[in-house]
């Protein structure tokens, strides 16, 4: 167990193992994504209320779910980096932020596009939408803070502090935004979640959610590899790698 | 009081020092030598514990220290007296009489209650140097303490450092001026370490 | 180039100088003498035309001047190259080649495109001193130009000032260091005026 | 297969533009995210390789390296 | 010299920060002036219909408080960083997470606390019913303290950056939003005759959490920043 | 060396100020994010009801413009004063009242102009009717330029003051009010279908006056400040 932890902290080992994981995981992910999309778009019946526009669900919901989960991954990595001073946790945390931001962006944009045919407007100040917007800002904050620091080691620590502070606040944010909504506005707009979802729609959705989790993992690993190379650019193993690459 | 073990630092793509080891004992007066950009300030900040990332090696401090950097840490909006009595370093709460004495010793007699922004460059730095008269910390890390100080002031400061070393303190300082202390000075070179 | 007639200044209830008259001609190298708080900076600012109220007497300037004060006027966010090419003093627009040469002459070769906040204290000041190599102004007013500069840098600066004086320029500077220029230096005392 | 022709697939009873815009944007973002890390890594390796070449070509010349 | 107790030291720091703030009165006055101007602007933007003004008064006052906090929190550590005092603070033998409370406290006293004290005047100008003044005052008093603490975290993380600029607002605004929601909800409740106490209690809980955790985050942030 | 024309010199100054403002790539996006977040605050404080939000939109956007101007205009000359660049500018052979235009212009470009350009997006998020977007954009564009110029006077007069700058900012602040009144009135008019042109014309007249007089006042203010 301890040696495994020790290895996790070793950049060359992580670089190597993530390379072999990606070699299998990435094609598998792309395959699952394609299958899910084809299944969802071509082979399911339209929703009885929303017609064909509901097909956005196959990207909207997975993106939203994984974007939320991604924040916890980031915060946990940040915590590990601060408490156990593990360099690679720093790297993982930094790699989470842009991926999470991208997924949040996808959820926001697809949701907004979906809103036009169903609600008649791209944007309403609804609790769920607002809290998603806040999540987007939280991710961007981490990215921006990291970029603003010259010393990348310090940048990692600063972002770790920020993401930990963010975790304390995330439940508060969600609770308060939910509450705000129910206080001020009669529920004029409802997600269609109440109509229990038909299995023929559920299975492709589950496939897509799994595929998005896998996609998140792939992107995380790829970003980590790039980050490792940048941080370790003066070590022997990277130099060797650079010479071999030519 | 202070031991540095195998310190290495790279900044902006240049290796400033590598494998630097030395120990500083009570009674030592050490001048860090080096041209502009050699890495003296960077070293002092590492020794003080202000820089914690980006260098290799270990530093051990076994005595309270007083660090004076390039920047003065003196607030222009406060008078010299206020600057000292509310100093953020929090080593101690000094009595008004002690502060007055220290200000007099750095030649600021009569300027105790002038806002510091109305002081000349040298007087401004002297407010900070007054802390040397007040402090009880045995280890002093001084980054170019003579900046903007006139000839008499430099002599007084040299005498103070010698007295501090005699009493069992230690001083590590950087300066581009030659120091004429009546005391054995040591040079710390960033490439070769401590030497007589 | 510069004539001061019967200058008197009082600051903070102290008479800093009174009835000070002198004239500075081409070829002169003048060091203003005085302890901390004597009024050297105040005098230089009056000579440069930055202080316009609160003193008595007249100053006549008959040549464009270059003034370098205690503060560096170098922006940490800009690189040395940008600092020089966008300098607010607006004396001239310097070619990139000229700027590169000047930066090399002050020992900043290789640091042209590093953000200035990542320079050491002495390197930071050198960015400003590079203006001396670029400027066409015959009259230089330099307030403690040697601050934070290492021994080699001081020597180079002294040589530059001598060369400038030889070419028909004039330099008025303050410094608490003794200047070893191979050129007749003059002392300007705030109480007694110009002397050899 | 729910749709009987390419036209109906594109049109989706008027919802086509929304659905396809959503899928297109998602595809674009995902492709971008897949490409960027690889580019970053390759650029870094190239830079390190360049540094090595420079060091081997001219040993111990300049005191400064480009960062 | 006497070794100072930590409490004595923090009080001294607080006094220092307050004196510094008071000697530059423009900085204290800016939020208040801003407050007054916005309160004057809203009737202009809305037309002087008193009903809708009163309805939105809680939100307006709360947003002003939040914005003036947001835009001044950058300065909490900035000048001390610039002149080297912050280095000295980090080297001090006193526990850093307590000293930073003095900084945050001073900031709160000259922004949030001051706004809370003058808010009843502006609230009456906007036509807020008298029964809600108490809730407004208390919610601002507690809520702005949370804002100052959270803003301090952002300030600590960005103070060493050469161009902190608006980055701090990106970092802390998301964290400000719950306070805004509960703060204006408290006043809204009081306006409509409902009890404001539950909302104030939630704000109080947030404050306890912030007092417990923010100083640690601020201290960590400063140690990182000084190294940036 | 070539002696620069005044125009060339001012362009260089403008470029310098802009580069200083946007040095880090992340900073370019930040003002936009800032606006987005502040716009998001208003629904949170005022409640998400689309009608009342739309009603408030002109006032809200104008408040944000005013705020970012009021709280940043102090910085126009501050950093140049602190690091000695301002002294150098005063000693420059170039006409000061033209150089200061570069400072004010850069400030306007990164605050007011940017806000004007992005304002339609946020106006739509707040539900402002489409027909008012043009008036909003133009009124912000012209109005914020006046704000920047007037703010520059205040900044020039107070930059050298160690204390007691409040009086001057009190004198400057009333000059902001007419801009706000006519600015939000222009948008309001457009919302209600009335022509906005008269209001915009008044703003334009204010701008001409400000461009003619403010640089002289700013130059005089700087000369006084550097001596303070």
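Order as written gives the chain letters A, B, C, D, E and F; numbering starts at 1 within each chain.
Criterion: contacts are C-beta pairs under 8 Å (C-beta built on N, C-alpha and C of every residue); 3 or more make two chains touch, one makes a residue touch a chain.
Chain by chain, the UniProt names read as follows: A = Heme exporter protein C; B, C = Cytochrome c biogenesis heme-transporting ATPase CcmA; D = Heme exporter protein D; E, F = Heme exporter protein B.
No experiment lies behind these values; they were computed from the predicted model shown.
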Identify the chains adjacent to both subunit A (Heme exporter protein C) and subunit E (Heme exporter protein B) in the sense defined at the top. B, F
Going by the touch criterion at the top, tell me which pair is linked by more C-beta contacts: A-D or C-E. A-D
Taking the mean of the CA coordinates per chain, how far is subunit B from subunit D (Heme exporter protein D) in Å? 51
Round to the nearest whole Å and give the separation of the Cα centres of subunit A (Heme exporter protein C) and subunit C. 57
Between subunit B and subunit F (Heme exporter protein B), the Cα-mean centres are separated in Å by 44
Chain-centre distance (mean CA atoms) for subunit A (Heme exporter protein C) and subunit F (Heme exporter protein B), in whole Å, is 38
Residues of subunit A (Heme exporter protein C) that touch at least two other chains are 134, 137, 140, 144, 148, 150-151, 154, 157, 180
Please set out, as single numbers or ranges, the residues of subunit D (Heme exporter protein D) touching at least two other chains. 63-64, 67
Subunit F (Heme exporter protein B): positions in contact with at least two other chains: 23-24, 26, 30, 33, 37, 40, 44, 47, 162-163
Which positions of subunit C touch subunit B when the two form their complex? 11-12, 34-41, 70, 107, 111, 114, 118-123, 126, 144, 147-154, 176-177
What residues of subunit A (Heme exporter protein C) sit close enough to touch subunit B in their complex? 151, 153-154, 157, 234
Contacts from subunit A (Heme exporter protein C) onto subunit D (Heme exporter protein D) in the complex sit at residues 33, 37, 41-46, 51-53, 55-56, 59-60, 63, 98-99, 102, 105-106, 109-110, 113-114, 116-117, 215, 218-219, 222-223, 225-226, 229-230, 233, 238-239, 241-243, 245-246
Where on subunit C does subunit E (Heme exporter protein B) make contact in their complex? 76-77, 115, 117
Mind pulling up the subunit A (Heme exporter protein C) residues that touch subunit E (Heme exporter protein B) in the complex? 82, 134, 137-138, 140-141, 144-145, 148-151, 154-155, 157-158, 161-162, 164-166, 168-169, 172-173, 175-177, 179-180, 183
